[in-house]
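These notes are about the structure you will find just below.
Going in written order, the chains are labelled A, B and C, and every chain counts its residues from 1.
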Amino acid sequence: MIWDALKLSLLVVSVATAIVGVVGLFFSYLLAKTEFRGKELLDAALTLPLVLPPTVTGYYLIVLLGRRGLLGSYIYELTGWSFAFTWQGAVVAAVVVSLPLMIKAARASIESVGPQYELASYTLGKGRFETFLRVTLPLAKRGIYAGLVLAFARALGEFGATLMIAGNIPGKTQTMPLAIYEAVASGNEAQAQVLALVLTAVSIVAVYLTNKISRTQVHG
Amino acid sequence: MLTIDVRKQFFEKREASFALELSIEIGEGFTVLTGPSGAGKTTLLKMISGIIRPDRGRIELDEKVFFDSELVIDVPIRERHVGFVFQDYALFPHMTATQNVGYGIKTGSPAEKRERAMEMLALFHIEHIAARMPREMSGGEQQRVALARALASEPAIALLDEPLSAVDVETRGKLLDEVENAQERTGIPFIYVTHNEAEAARLGRQRITMRAGRIVEANVVAS
Amino acid sequence: MIDFRYLRGMDLYSRAGRVLLARCVAKCLILAVAILLAGCGSNGNLSDENRSSQAGSITVSAAISLKDAFTEIGEMYKAKTGNRTTVQFNFGASGVLQQQIENGAPADVFASAGEKQMDALAAKQLIETDSRSDFARNTLVLIVPEHSDVSVASFADLALPSVKKIAVGNPKTVPAGQYAAEALETMGLAEKVADRLVLAENVRQVLDYVVRGEVDAGIVYSTDAKQGGTQVKVVATADANTHAPILYPIAAIKASSHIKAAKEFIDVVLSAEGQKVLAKYGFSSANSPNPSQ
């Protein structure tokens, strides 16, 4: 049970972090460097899962992606597949709750990159995307890494929303936080202890890394 | 030849708003743009390069239209090939001198680009700092790298925004020589902004003076 | 002696400064602990009643399948005490409730959906053994969502490839899940459906999954199916011999400070009126070998 939960957690969290990395960078850049109507609304919507109780987030995920959900019903009709009770559903839950953390950190970091560097890049003939990759990103590296580590840690500990959309099925969707819950609920002290220790160790490493990254020297 | 005919309204908090309005043709060679601080010199450079958009008007370089409010044309910065040396150089802090200079070179393999970058550095006598990062360079070295970088991208025109303002007086003289040489070698028009009279006097065969958003004096050779 | 003239700036690095700081911290801690202890001693508005023989409120931890029946019985009990004692219910999966009591949760009565959980408490000597009694019986049924395009007419149909998801309680903590697992095993279906099972945290969640159409079928008690009303269809009932008898035991918790009131509640549950309420919700009598409902 412990191994299953660990493997599942690692799978869900790595996929979720990868998605958060790409999607988070996109929105961070959008919010940091562009102006458009409704920008603050988008920011609020993306930040919402940060303050919403995870079970509320879970509820909305069910409403959206459940078999009879707003989107889920179409998916089910077309493919006979549903997000509910699958590890993919767990990934969605993890992404939704950890995305705001990544965006907050990355956006601040990107905003702090002086606009003169990007302008210089444009005058040297580079487009937006290349400038983002070669100038903005390297200079905003610290904040982006910190954001990723935070997102990773949050995804690893995600419980409420995961339980609701993905259920608690050992071997399929039972991530480590869910496994601990079950171990305690069924009186399995030994297992609960091991699981808790592993999760704590991972969290400590995450905190250590975040602090270390924040402390490294800044480029001019 | 650069043709500029623009108008832009500014809303300053401190003073009353002022309008920038000018119409000029700038030819080959070295052109000095002088005037007191706040006259709009940097703004003009930014409009030429595309960083700032005028409210109205037309900017054209050698028959290539950069901006035309009537025809609703506004060519993005990256397509204008206007070299820019910023006041604070804006060297990429995470790249070496060679990487900075080679950044804008468009053609060639990475090895070729590096070679051309090195040549450029040699032209300014700074090949010895090729592997250094900007924070490890002196003001004069940074200025040279900034100039080398702008010219390496083979622009059609080079804009220099008070490039020597941060450099000490002794180095200034030598750098001015190098800037002049660079212009002669590349043959492209240079527009050099300064509010320092001595510099302007030394450089300016062609000279434009601005004040409060308008050109008050122009001595240019149109070609 | 500490020269207080030099302490005005609260220099923390000087010895005197540190002493002063330590004293402040100690005082604050004592104050905080005092506040905490003061809160612990009393139990709100029951502080008087703790000492009297009549309790103001008792806590009943009961299996979630008993929710509707027990809520009504709770009202009945309250009326019988002349509105002096109310019942606080704690509904959940029997396994979880058992865990809570083992860990010292303040329950006065425990009603489980299976003997296993009560036996565990008895083994740890946590219940008043002479108060233990079986008070109801239930049956296991197979339900499907009201509007389902997957046709399931019997337990055997669960093995059909068109049935993609089946909800049952988590056998580790939910008695309904244990019975379901037993029944499926006896019917020879356990292996065939193993990878399609969706485990729920309690039997009402199984019902919820079926109601919402997240699964194609679910195994719940007949009493839960009744609560589901028209939103679910009962397609089959498990034979009583496919699983251990679904008997509900009830007992008073030894550590309770309201043992008398607890036993009175149990009496109400076992009384004719209590049994009538249970029957209303679909439970059968604990004594009948062949439940008719």
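Basically, a residue touches a chain if its C-beta (ideal position, glycine included) is under 8 Å from a C-beta of that chain, and two chains touch if they have at least 3 such contacts.
Keep in mind that what you see is a predicted model, and the values were worked out from it rather than measured.
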{"item": "Fewest touching-chain hops separating subunit B from subunit C", "value": "2"}
{"item": "Most distant chain from subunit B, judged by the mean position of its C-alpha atoms", "value": "C"}
{"item": "Chain occupying the most central position, where position means C-alpha average", "value": "A"}
{"item": "Inter-chain centre distance, subunit B versus subunit C - centres from mean C-alpha coordinates, in Å", "value": "77"}
{"item": "Euclidean distance of C-alpha centroids - subunit A vs subunit B, Å", "value": "44"}
{"item": "Approximate Å spacing (C-alpha centroids) for the pair subunit A, subunit C", "value": "34"}
{"item": "Touching residues on subunit B, where the partner in the complex is subunit A", "value": "49-51, 76-84, 86, 88, 90-94, 103-104, 106, 133-135, 149-150, 153"}
{"item": "Subunit B contact footprint on subunit A (complex, rising order)", "value": "114, 116-117, 119-127, 134-135, 138-139, 219-220"}
{"item": "Complex interface listing, subunit C residues touching subunit A", "value": "93, 95-96, 98-99, 102, 164-165, 170, 172-173, 197-201, 212-215"}
{"item": "Residue ranges of subunit A in contact with subunit C within the complex", "value": "62, 66-68, 80, 82, 84-85, 163, 167-170, 182, 184-187"}
